[in-house]
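Listed below are the structures to be examined.
Both complexes shown next keep subunit A, but they swap its partner, so subunit B is in the first and subunit C is in the second.
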Partner chain A sequence: MATYTLISSNVLSSSAASVTFSSITATFTDLVLRCSTRTDAAATQSAIKIFFNNSSPDTSATFMEGDGASVTSGFPSAPVLVFRASAATGTSNTFGNAEIYIPSYTNTTAVKPFSSFGVQENNTTTAYIDVVAGLNNTTSAISRIDIDGNGNNFVTGSSFYLYGISNA
Partner chain B sequence: MPHKVIVDCSTGITTEVELTAEEIADQVAAQKAAEADRKAAEVVAKDRAVAKAALLDKLGITAEEAALLLF
Partner chain C sequence: MATTYEKIASTTITSSTASITFSSITGTYTDLRLVIVNTSVTGNNIAYIQLNSDTGTNYSSTYIYGDGSSAQSSREVSQTYNTLASSGSNVSFPQLWTIDLLSYAGSTFKTSLATMANDRNGSGATEYSVYLWRNTAAITSILIGTIVNNFGTGTSATLYGILKA
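What follows is the complex of A and B.
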């Protein structure tokens, strides 16, 4: 049976451009990152990007996205869009949320896949849902994860939880 | 001054670090690029909606009726 163990977390007490989990222990099988985010972008939503081991060019992904009216898919350039946060002109006090799953993050013989499922909350007809299949294209064990506001700042109350999974 | 948060998972210690001038420049550039992407996506979505409405009008069917043809 899989066991979730909280490795580290952070709930922002002031705005921040990015949040980094560094020196991630290699004692688990998989990692799960859960984020609840809102940014100061002058829009209803903004794209959040993630990269590993402080190297954004090594991450690639395909995504499928729905906005309540249409569905799109694509292959964004690195660092890749992974999910969308609620933002400044969206419904007040709402946060987008996302879960990123990173299996076999300590494997040093193969590249690392990851998946993400995220939704942006906005109490209007347009709100985004994103499903991402990603790849960290190196054989280095993942010991660092950067969650980047892509030019915008995460606002106070945004939260980030990193879990380790044993015996997944 | 904008800053970034670093959580050291080995110690549990969280530090707030001010962005360097280079990082601030990168942040401004990323913000501009993201805004350009967002506006481009809005144009594409608007054009698509207009084209869809025109096609439905040409076919003389509703969006619900068109959806029936897809499944």
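What follows is the complex of A and C.
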């Protein structure tokens, strides 16, 4: 039985401030979200945020980030930074890439941890790698995921793939 | 199309237990992925992974760890297991581990990549590690044991096989 199944995808044909996966089926055990993103922010990169069930205050995170020179760790405020996209003044044709793993997303008896690993390499002196521990601090099953450009727009060609993993 | 990612075995703990074992792992796949959602009964829970019941000093690792205040990197060498990062899991805030065991059936030493995620809404930690098991045998069993505190009820562990062909 196939256990790693594409639920939905969105490859942008025009810019968008955010991308939403809604009405996520409860068929699977875990979710995997893979993103390749670039934004129109007037910077070399921009933070990308995530929240669940259309409720940003319910998500928290602990991040660790390297920029090619040093490593920092902190707690971003909600909606939480999960990775960085390449942006308008960054190296052309580069995108930030990330994988977010969300286990037991239908669990209604416990809060739900998730992890994210993101990279934003661009052949310049500063680029980012982010390792994030996240928490959806509710016992509601996750049926919606929003990936938010944090005030910037995702540009054409940014892609978002949501997979379901079943352990049945 | 051949199935490329499938469950080999899965368990959810129904009472406090000290270890979880996956045994009789066949060499069918290219890589393995182990996903553990850990709930510890009493709080801080330190765990480890040991392969093929090998208790020799054949394990080493390099990791980078952040706790929201600072980040650090360190190494462990000549250990009798690989320590799974811990930051104080408890029932209220489950901890996620993912461990990718690469080319597990090959005849070279075995490298694994591991992540730990345990945010606790204002505190927490995250870690990324590389493990080495200096043994050329195919991996046929995986023990996830505890050093401090048992795995609590509800802890789940699933082993997946990933096939390249």
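Throughout what follows, the second predicted complex is superposed on the first by the 165 of 168 C-alpha atoms of A that agree within 3 Å, B and C clash if a C-alpha of one lies under 4 Å from a C-alpha of the other, contacts with A are read in each partner's own complex, and residues count from 1 in each chain.
FYI, a contact is a pair of C-beta atoms (placed from the backbone, for glycine too) under 8 Å apart; a residue touches a chain by one contact, two chains touch by 3 or more.
Since this is a predicted model, take the numbers as computed values, not measurements.
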item	value
Contacts of A:141 with subunit B and subunit C, given as first, second, both or neither	neither
First (subunit B), second (subunit C), both or neither touched by A:119	neither
Contacts of A:69 with subunit B and subunit C, given as first, second, both or neither	first
First (subunit B), second (subunit C), both or neither touched by A:133	second
Partner chain(s) touched by A:88 [first = subunit B, second = subunit C, both, neither]	neither
Which superposed partner A:29 touches (first subunit B, second subunit C, both, neither)	second
Where subunit A meets both subunit C and subunit B, residue numbers	none
Touching residues (chain side subunit B, partner subunit A) in the complex	2-12, 14, 16, 19, 23, 27-35, 37-38, 45, 48-49
Subunit A residues within the subunit C interface of the complex	1-4, 29-30, 60-64, 66, 71-75, 101, 103-104, 109-115, 117, 131-135, 137, 165-168
Interface residues, subunit C side, partner subunit A - complex	3-7, 10, 35, 37, 39, 64-71, 73, 91-96, 98, 115-128, 154, 156, 158, 160
Residues of subunit A defined as touching subunit B within the complex	7-10, 12, 14-25, 41-43, 46-47, 67, 69-70, 150-153, 160, 162
